[in-house]
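The data blocks that follow each hold one structure.
One chain, subunit A, appears in both complexes that follow, with subunit B as partner in the first and subunit C in the second.
== the complex of A and B ==
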């Protein structure tokens, strides 16, 4: 309550009797931007997430007779993709660059982490090495691709990614084991074989879904959220956003557009690298198609846009929806229609088109607008305004 | 490695044949891009539809999975032969193009190009998944006819310099180059083509002159779609057919083609298709493992050093 009053005093409401809810909203949004709040809120969400996804949904599923509960490995997978799309959103949602080649960074990190594990079987170092390789690769690819924009940028990133894919599949087989996939990954436990990844963190039987892998992914996610939030709310991130809105003006101000775009590209590749290394630790297997093919890059695009670009939560929510549909909904058998099975990608495509068409702010953005509209009218207007501002920004 | 004369000749022929398919795809994509400034990632889906419509019209095909199989339909097709397919496929492609322009492209003309890319990307996903779920996700054999107009086209013919070369592939080169030539003339030499070209430069001015540019838009879109579907039929007659070909065999090569040739230029799409076809054909015959890698790196170099392409004047979207 005191928070709200302080905000009201400092806000722009002093002159007129604006509804308190509006300033309350701004106080809330200010609170939401603070680092420690973001990290604490994310930590809370991460603590309840597996329980809700695996156990609660599992029980609900048992009651209604549909298997809608997640399996034990799913929460970690969602977090891994979540980390990637936080970075991808910095590029697509803020800087406005659509890359169809981020699988290159994801896959190269996964492969280098897997190869490194044979030298030193330490997951932590695997993540470091994988991220390092992805970063070093992103620099030259970004340096070349950033010089073009729009569809040319998309095609350039695609060509580099595809060249890597075909290298891993064919001539690079000596390194990657080609089409058979790479499975010699020496990372059984968090510390040199101790704490195996699929063991539960606690001895409590009802918290089985909290595995060591989940703990590892959750801590990585917290770091990613913290870094992502820092970037978004820093002057540096503000320039990214300005680049997405009007590149020319940023140039007129005297800033080096090329350098900022390149940095956005490299930073997003760092996130993809972390995700790729974690992915290979989680799956214990990597194949050129899951790692490097352009469909994987397309999946990153779908997740980000599905959830909603331009925020921290939206893309992660998109990653959750994507993986939930891919892994759980695909296994659901409906009474009248029958098994959804391979229809899941169709469902996803239809939802994706609807989102792009009707809700450019994504599922999360649409949900936010809806909540704002329902809670009070002035909040609703505010939500509408931000939507309009968002629409303007994308043009 | 020293190449024999016959090897060079067969590289050229294979390159022309693959290049002609790329050119068909590229022309369709480039006229849509040039005229409406619309980026169509569903272009590969039209190729896919062309291939499957061709498959169904051409012969009676045995189904092994998918929705139709699950409701008891084990075979599908009209057994109409290749001539029926060659007429029907472009017509159906044309119709789909008209509908697509009206219901998908038009609402997105005024929206940012990222949105156009995203919505057509989703649409391509839907088409691919629909085919996979209805007709089946398995791979079908290619649909080359054994005779056309009573002439046997399944036997290889002997050519000077080349030696034996499949006569069907030779015929494909003739057919596709005929279609490419007609399209080129239609855009360069007719009034319709003139309106389309003027629309590329300044659509508002064309509208002020009292020309219904919207009607031309639908026609251009439908023409591009018909060409893509036709390319799908031709591709299906030499390569196996599966739901993935829309992206792997068509969408990605089509974009590479127009990037090499220069966006918005029909001449560029033809040249770009030929260049890419020759690269693929030459590499496949010599260092086949590196074929795709060299292809992509060539396009990357092209984009860096000559972003306007072979025949383009300016970059679209910059």
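== the complex of A and C ==
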């Protein structure tokens, strides 16, 4: 199923790529207006991402004597969280609903995908099943929670999430293996394990950070970006945005606000479900704390705000910074100060405060401003092109 | 902490497991001495072979979260082990397998990570050590959930895991793996060690009531306490009540304890949980009506509840107060380095790092299956607890367990809060390979089958 979508998506990439480059001298803004621009730019960024994160940063780290390089597995993890926060942002950034219970969809998808893998060890079907479970769960939770707004909505979603967490940890441990974590996941690769997930995607030795898992995650990411892009550019998506701006006016126009909000909630849960299933395929392990605890929901909020709620792919940058600080910076030892270790939370907090304070629109918003500034100044085509490249690969 | 740049990454090694790769590595291995250039005999597996003149150990401990204080002491133990392995000192001078000149001719380097007492963070951190830093061995854990999460990962990646502080039966029970070894005892052995001492101290035919932290360790702990109190002392359980992990106010649970019927209250809490529940139980006056038992002591809890531990029984892995030469030399080395006495978490860390290094020396290679075989069934008596065996069937050390009792406030000093009541011999503890937790253990593959 995913493969087919990819094919169409690939086509879209090729089609939109050519006119964009053919028009050459036309203003950057026109390119950016195009619906598919974000998909093309994402594809380009995904192609270079692991190389920059693992190899280039690794070399830089060796030169300056700090272990700041990424590791194989980190790029896929960033993409998986990226998919989730793209969906989360449809709810938070566009519709203006702050959910504190999205771990429920992430975790339940992860667990159901993990359990399903014991029946049919197919990663693609695991994603389908996980997403389906998350969707079915989002319906009743959304139905109840959306009747309240603001902090009450947040607390209601939080309550449902925590209920699932305590169930998975205690009474449900016959199913989830409780606190010992669930690790009997039977999907090691695509095509019945013929293509193992940790095998390299290419035979080229310098591209060994491009694993099959990364390819799988990257394709899923492109699909997610494409779908997200279609949603926000559709009339339906416009209503989401209008809801975020002024709910009463939408109601006065005669639209059923409740239904649109519920739909936004369910759609964001679908993204969380895809992410949850991918996560369990990637990690081959899931634990209630990772999957369902409220801190995971909070992490989604932080990633989204950090990256920027204004654009579709903004939160992905937040996911990147979050995971990079949590998993790489935490292992860095500074020459004079010593190991950063537990201080990584301070580092993340400092980054968060700085970003929110200096760039209220998040990392992506800041990047956009920078691009706009550069294009305004140079005005020419050359300047526009480099700026686009900068924007795409900033992080 | 700077490490040498190995141009060849782990993934490359996996790919070039052919003759060419091995031949090329033979040159590197030749000069490392070992035993006749043994390294070239084996194919690439996990992070084997070790490139360059350094071998990397990954110290993955909780530096944040509720067990961070323990993690800091583990890290002290690990760094002391690294120092001794490279330059001699401490047990390295007395263990005949170790030279004090690195391991198999290679200098020991290390990378550190924060598990945050969270299983997934622990796995991410271990993944980084394995994939980026080419760690040949990962060690750490201060909660059974993180230890189990890491050892599962290590089994998949074919990288050795040396479990540090993990007391749940499941670590070497249903969740056991071939690539992990545990020096610490478990909840089952706590029950075996504690029950006879308490039966003698408090009498027989008593009623006991349990509270337990509702997660992996707490569940197995209360289960084992129930089993042995019932079997050994003929006691009967009134009820066993789960409390959520991380509870700060236990008063509602404590007020439910029936004061008239209960003779002994067992608080199956650890670390911060116990530091909360025990003083609250004392404050509620429960110690007037019944005896209180805390099955597993740690320093954090003893310090935090120092005013409440007078006469309270529990078990501990080890104590710096032991008088054998190994314990004393470790305590001395630790004290001269850090100016404080080691907790048992530090001894576990130190022992596990040295134990792995010694196994590599015996196996004359870092090739994981051979190192594992060098540890399986290994008998030793140089880790401060008398004779021990690293059992082959479940990778659980068969060893003595200390029964300790809290000292009254007047007798306490900063480093001495507990007294050792009994060092229960391993002959009175443990269980066969087909009983207890071991019955559910299937270790899995060596990786060279």
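Annotations for the structure displayed:
We take it that the second predicted complex is superposed on the first by the 331 of 395 C-alpha atoms of A that agree within 3 Å, B and C clash if a C-alpha of one lies under 4 Å from a C-alpha of the other, contacts with A are read in each partner's own complex, and residues count from 1 in each chain.
The rule is short, and it goes like this: a residue touches a chain if its C-beta (ideal position, glycine included) is under 8 Å from a C-beta of that chain, and two chains touch if they have at least 3 such contacts.
These numbers were taken from a predicted model, which means no experiment stands behind them.
When both complexes are superposed on subunit A, subunit B and subunit C end up clashing with one another. Legend: residue contacts after superposition of the two complexes on their common chain; A:178 is shown touching subunit C, with no touch to subunit B.
Within the superposed three-chain model, A:356 lies in touch with subunit B and out of touch with subunit C [touch as defined at top]. Residue contacts after overlaying the shared chain place A:121 against neither subunit B nor subunit C. By the touch criterion stated above, A:170 is placed in contact with subunit B and with subunit C alike. Judged by the touch definition given at the top, the superposed model places A:65 against subunit C, while subunit B stays out of reach.
Legend: residue contacts after superposition of the two complexes on their common chain; A:154 is shown touching subunit B, with no touch to subunit C. Contact with subunit C, but none with subunit B, is seen for A:73 once the two complexes are overlaid on the shared chain.
In the superposed model, A:342 lies in contact with both subunit B and subunit C. When both complexes are overlaid on chain A, the residue A:290 reaches subunit C alone and has no touch with subunit B. Between subunit B and subunit C, the overlap after aligning on chain A sits in one stretch of 135-143, 171-179, 207-215 or 261-269, namely 135-143. Shared interface residues of subunit A, touching subunit B in one complex and subunit C in the other, are 166, 170, 342, 345.
Every residue of subunit A that touches subunit B in the complex is listed here, in rising order: 92, 96, 98, 144, 147-152, 154-156, 158-160, 162-163, 166-167, 170-171, 294-295, 298, 301-302, 305, 342-343, 345-346, 348-350, 352-353, 356-357, 360, 394-395. The residues of subunit C lying in touch with subunit A in their complex are 1-3, 5, 9, 11-12, 15, 63-64, 68, 111-114, 116, 118-121, 123-125, 127-129, 131-133, 144-145, 148-149, 152-153, 156, 168, 170, 174-175, 214-217, 219, 242, 244.
Per the touch definition, subunit B reaches subunit A in the complex via residues 39, 107, 111-115, 117-119, 121-123, 125-126, 129-130, 132-133, 137, 247, 252, 255-256, 259, 263, 289-290, 292-293, 296-297, 299-300, 303-304, 307, 315-318. Put simply, subunit A touches subunit C in their complex at residues 54, 58, 62, 65, 67, 69-74, 77, 166, 169-170, 178-181, 183, 200, 205, 208, 283-285, 287, 289-290, 326-328, 330-331, 333, 339, 341-342, 344-345.
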